[in-house]
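Got a structure for you, written out below as structure tokens; questions coming shortly.
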Amino acid sequence: MAKIEINKERCKGCLFCISVCPKGMLKKSKQLNKRGLNYAEFIDTGSCIGCSLCAVICPDCCIEVYR
Amino acid sequence: MAKIEINKERCKGCLFCISVCPKGMLKKSKQLNKRGLNYAEFIDTGSCIGCSLCAVICPDCCIEVYR
Amino acid sequence: MNKIYSRPKALKDVSTHYCPGCGHGIAHRLIAEVVDELGIREQVIAVAPVGCAVIAYDYWAFDCSEAAHGRALAVATAIKRVRPETIVFTYQGDGDLAAIGTNETIHAANRGENLTVIFINNAVYGMTGGQMAPTTLLGQKTATTPLGRDAQLQGYPLKISELLAQLPGVKYVQRTSLQSAQDILKTKQAIKEAFKNQMNNAGFSLVEILSPCPTYWGLSPLKSLEWIKDVLSKEFPLGRIK
Amino acid sequence: MNKIYSRPKALKDVSTHYCPGCGHGIAHRLIAEVVDELGIREQVIAVAPVGCAVIAYDYWAFDCSEAAHGRALAVATAIKRVRPETIVFTYQGDGDLAAIGTNETIHAANRGENLTVIFINNAVYGMTGGQMAPTTLLGQKTATTPLGRDAQLQGYPLKISELLAQLPGVKYVQRTSLQSAQDILKTKQAIKEAFKNQMNNAGFSLVEILSPCPTYWGLSPLKSLEWIKDVLSKEFPLGRIK
Amino acid sequence: MIERVIIAGSGGQGIMLLGKVLAEAAMLEDRFVTWLPSYGAEVRGGTAHCMVVVSDKEIGSPYIAQADSLIIMNAPSLEKFRPRIKKGGLWVINSSLAKPGKIDGRSILQYPFTDLAVGVGIIEVATMLALGCFLKVKHLVQLDTVSSVIKDFAPAGKEELIRINEQALRKGAGLR
Amino acid sequence: MIERVIIAGSGGQGIMLLGKVLAEAAMLEDRFVTWLPSYGAEVRGGTAHCMVVVSDKEIGSPYIAQADSLIIMNAPSLEKFRPRIKKGGLWVINSSLAKPGKIDGRSILQYPFTDLAVGVGIIEVATMLALGCFLKVKHLVQLDTVSSVIKDFAPAGKEELIRINEQALRKGAGLR
Amino acid sequence: MKELRRKILITGNEAIAEGALDAGCRFYAGYPITPQNELPAYMSRRMPQVGGIFIQAESELAAINMVFGASAAGALAMTSSSSPGISLKQEGISYIAGARLPAVIVNIMRGGPGLGNIWPAQSDYFQATKSGGHGDYHCLVLAPSTVQEAYELAKLAFYLAEKYRNPAMLLADGMLGQMMEPLVKTSNKEYKLKFKKDWALTGCKGRAPNIVKSFYMREGDLERFNLTLQKHYQLIQAKEERYEGLFLKDAQIILVAYGTMARISKVALHTLRKKGIKAGLIRPITLWPFPKKAFVAKPSSKARYLVVEMSYGQMLEDVLLTVRDKEQVEFLGRAGGGVPSEEEIIKKVKKIL
Amino acid sequence: MKELRRKILITGNEAIAEGALDAGCRFYAGYPITPQNELPAYMSRRMPQVGGIFIQAESELAAINMVFGASAAGALAMTSSSSPGISLKQEGISYIAGARLPAVIVNIMRGGPGLGNIWPAQSDYFQATKSGGHGDYHCLVLAPSTVQEAYELAKLAFYLAEKYRNPAMLLADGMLGQMMEPLVKTSNKEYKLKFKKDWALTGCKGRAPNIVKSFYMREGDLERFNLTLQKHYQLIQAKEERYEGLFLKDAQIILVAYGTMARISKVALHTLRKKGIKAGLIRPITLWPFPKKAFVAKPSSKARYLVVEMSYGQMLEDVLLTVRDKEQVEFLGRAGGGVPSEEEIIKKVKKIL
């Protein structure tokens, strides 16, 4: 059992995390954050394996991983 | 039959020409030139072969070779 | 649940000014992680010259010096010689390290200064608006090569890491990329190696990192990663150079 | 009897200011001979930067430009681009080409400028009184390395010709010496090759010439030639590099 | 007459172009005009803005400390430029992306330009909608002049693009 | 009192050292003194020279346009500095290497210092002979002070060298 | 409508480039730096179109020395940069002056010292006018205050550089460089831009070899050369002072400002006049030679000068050196990106009067 | 005799190096150039002896930026060069000023412009005093006129640099650099040379990270920083003016000269006095801040100033800016290796009076 937390206000919407997640746990938000950007959202379907790839690739250090 | 001419006032006495002559045709002068230096002298013993090595190595372009 | 991945201590808890998908953010974090893991935060001095990352000092939680464009390795040489007990690294763009700073780069390397160099190759000048860098690829369009870089006029992408590897004073040269999570992890290992070398007084170590600049590549962040994989790293092959 | 060896036309009939046994005089003459033999005296433009040979324009009978220390290849790049019909060469010392001018050297070479470079390596700064040059050998005593060059402090003799040979823009690199009449003749051939390359638009060509500086080697002229043969050319091996 | 307009939004929205179209139109109508892009490392990431001054006399500074009008295309710009408008100045706000909250004064035009643009066909014409809307109130330049600038700016053979932009402009001017 | 001396010869002759020995001696005798080496690309090849000014007042320029004394150690220097001496100034000439030809005025000391030096044992002490000779006329400093400078300058353990130099100095002073 | 088309909306940076091209400049070398990047970008597009040469050099040093070479070879050559980059060019500029080569250098000033920022400033006035490089030399220094003038002074800079075989500098700030304004291109007829260059390096066919150099080794030679230079500078000083004077006849307070600062001062001037305050303006167009003659015609001995700068008193010194009575001179300056506003100027004027 | 031994005969270049070492300088980086080569040569011998660092850099640019780094790391750091090399350092000097780092830069001036020659000159006065680099900054500029003073001012330069966290320049010419004169070393007791450097980069053990920088990106920040700098400069101006004044009380003609030119002027002064001419001398020791106070105490309103320089009127401008009445000021200058002689000065004085 693992999960991540995304600091949505820091997110710049590069989509890197979405592209690397082996479990497809992330998606682009419909909403805008205060920067005016569509950010990455964690959709917790319980499949997160805590592999941390999303955090490793995030240029803005928005992601924390728990396991 | 060959010979060389040395511009003794240009000569700086480095002795390069003396060292390369296969026939030992050159020697250091006893006199000083106007620079105050012992220059190279051509002692024409008739053995000069006109190989031009002396001219090739002269840094001050003092030597002309005739053949 | 335990937190297994979080912001390194050496990285201040602030947002950066970088564009979305910019590699600088990743590289900054990797350095901070290595610094934390080696426990050297209170020993480290960074030298960040002009370039998009000029205000890296706002992001790193350790001592930092600015440097004039191209002079990072002159500044770092002096800092390290004055304070041999510190761990000094430079963080330089391709314009900085391989254009205006070529002289300082070659000579610091040749002196074998015991320094760590993190070299961010994004194949353009980011800070000034996307002009040609020494590393710009042939055919690549930039603000100053509107028709694409032409070998006849602008010469070839400069592989300065390969040049530096020739110098006896240089201990370690590795080229890595930020194109994938795996590559990022390899980059981190290389950075760690480069720092460890300095801690062991082994001499000049350099890690060249192929890094995305989506803004001036005119690509989306994701396409930028692909471009590194498919194009940039073909010209600048990854791996250990020395 | 016919005159079979005399002063080339491209060399003015004046005395030089060089020290006895200085290699600059030989190199000047070789260039003049090549220029005469190729019939290009009225096409040639020389760029002679600061160094003992700064007033080479007083010795050569063709157009010449001065250049600030280290900037010969920037000046030459522009002259050649503005006047592609001329034959442009630089005549640079080791301090000029491989210390202060390293950046200009690497980048002109990398652009593949269609230029000829005559590089006089005498392992010291002659003009300024015998300080360490980038090419100074380990252990060699100079005005600024009173205890001899120490790799730990001053790094290694820089083999910039080998570095340049790595660059795709570079056509021809050859290292020769003035240590004997035979080597001088080889040097002349190399110079000719380097000029011919330019005439054929083949790109950047460089001849590095190991040249005696008896004054700052503290040796007699003859001993200087020996030192090139026995010591200097061991560190800087002669021959075709590219 | 002097009108100082700040136009602000995010990088990809065509903010600079909006300003240039306005400036070019003013030039064609023989006004004095200046256009100034945003400065600084702000270019990275966040907001982009430009400043346009139109006048019938020589213009001193192209820099605008206090604007007569603000055209705001996204939320962060709203925050940033909120203090930079004169009392009683005109606000034109893209309500698709920016919710002004409480703003003093009555000169506020807010419409969902982005959403409307999607309606017209391409999201990029949101700026033309905003420009049209702005011009309807400020009458700085004729819509026809703007149309001719649009034609000028468009690459050859892009008739469709020109049509959509003009349509957006007119639609913007018709908003009420 | 002010005395301006130009000392000139060829590179290897120890010209600079001659000047320094004189200057150092003057310093030890508490005079104001300056020493200036030759300038320029002249260093290459040809001649070397230095300028020494000794005075009992502060010295303005260490550069000597017109010398009170010339110490000339070889022929090219003679040509070069011929115009650089005041009327009635003192010439000290190394006749081994320089033949003065016609020189106006009577203050000429010419001796074959080089040949004499070979006699003393080493050619390098020609300068000391010249210095001794010069001092005998000009009394700028005591010979003893010069001796002490010679001792000071010599590397440790070079007693023989010191002896020969001193001998040359005294011999020079004795020339008449 | 067609008629109006002659106007183009263009940045100051681009206008300078366009002026240079119209003057016949066919060689540009530069290195990127904000806020002048539009200039090299423009050149990179246009040079190939006109058969000229554009080089993005490896550094500012390389760029200025390329300009040295291009000019030595007879081309009309130019480089541009902004403050830190111009500091790096100082040695090269001194060489160009010493070799008597014509060349145009553009400085689009930003805030200093050091890296400073990229906001506009006028803090490099001393560097430009008092020779930031070594030796007693001068650049001609021209200061445009509108985009139109940026174009025109670029042409004038080439004309003067060629005429006097001397480097000429265009000194503007980031505001003028980056702003767009309408430009109407003008013909070159005022300037004869073809000068005989028998000194240029072309290969010595049919003539004695030419030498381009600034080195004078023999005793006395360099002093003689310097005396020639000084005469040359006196000639330029006598002939090339340029300024714009407004309302000087009856002015009680004369604003003195150049470049961007002059635009703002001009607006302040009009406002002041409207308020009945007798203000005037001297806008130096040449900063070197400084337009001394503008100060000769001063109307009433009671009139005061207010020097306004985006720096802390640099042109101020030239004004003080020029006016008779230093007490007459007041100063208002900001720097580091700060630009004195119309309001600040008016306030200061009121305080003075 | 033993007593006299305390004097050593030494070149000006070496005296500066020795002064620097005595002040605690432990970092030197430089690049060879005549006429200052004795300085790095001396440092290359002495630094290892005192545990300091000597680096022959790859260029002047590298050298000045090494000094930036060494100073940032807390060392007393120095570089030296001569005119062309100093031009190359202008960007670096501006950065040092912008980062508020102490450092000492030595310029042993030679003839310019360009390569010029290696004869002495004073043609870099403007560059030194009016900031040859970009931005509104100042170096402290000290001008020794004897070898003894070269030693002492080297120490003072470090003291002032450290005290004000500002670059200080020693400005001398090739004559002073290469000549030998007796030197008596003095103690440091006048100067407290230990300053707390809590800003230096040492690794952030037990404190918040330190940042050394000159970049101020946010709107307004750089202007604020500049205002701080300006205040700082005013303080220096108020406190650090230094000059030597001779016979000013009754002088009818006051020579104004610095460095080598002041030595020569001093001799001329004595000759003039002997001839009954009431001459005086102002010898600025600090060129920036320029010693304005020396000109306040002027005796008779009829007295004239004669500025004597090895350049064509550079310090002259500071004198003109300082005196009340410009008509009082006369000038004598030569450059490019030309040095006004005692006789020329006397002749000029006679012509004036």
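We call the chains A, B, C, D, E, F, G and H, going by the order they appear; numbering starts again at 1 in every chain.
Keep this in mind: a contact is a pair of C-beta atoms (placed from the backbone, for glycine too) under 8 Å apart; a residue touches a chain by one contact, two chains touch by 3 or more.
Just so it is clear, the structure is predicted and the values come from calculations on it, not from any experiment.
The chains that touch both chain A and chain G are C, E.
Traced through touching neighbours, the fewest hops from chain D to chain E number 2. Chain pairs B-D and C-H differ in how many C-beta pairs they share in contact, with the greater number at C-H.
Chain E and chain H have Cα centroids lying 55 Å from one another.
Centre to centre, using the average C-alpha position, chain D and chain G are separated by 39 Å. Separation between the centroids of chain A and chain H, computed from CA atoms only, is 60 Å. Centroids built from CA atoms put chain B at 85 Å from chain A.
Touching two or more other chains at once are residues 12, 37 of chain A. Contacts with at least two other chains are made by residues 16, 18-20, 22, 50, 54-55, 66, 68, 99-100, 102-103, 106-107, 127, 129, 134, 154 of chain C. Shown for chain H are the residues in touch with two or more other chains, namely 58-59, 61, 84, 91, 95, 99, 114-115, 117, 119, 213-215, 217, 219. Residues of chain H that touch chain D in their complex: 31-34, 37, 40-41, 44-45, 48, 54, 56, 58-60, 84, 114-115.
Across the interface of their complex, chain C is touched by residues 1-3, 9-10, 12-16, 19-20, 37, 50, 52-53, 55-61, 63-67 of chain A. Taken together, the chain G residues at the contact with chain E in this complex read 1, 4, 7, 9, 35, 117-119, 174-175, 178-182, 260, 263-268, 270, 339, 341-342. Interface residues of chain H facing chain G in the complex, by the touch rule stated above, are 61, 83-88, 90-91, 94-99, 109, 111-117, 119, 121, 123-124, 126-127, 130-137, 213-217, 219-226, 229-230, 311-312, 314, 317, 320-321, 326, 334-338.
Residues of chain E that touch chain A in their complex: 10, 45-46, 74-76, 97.
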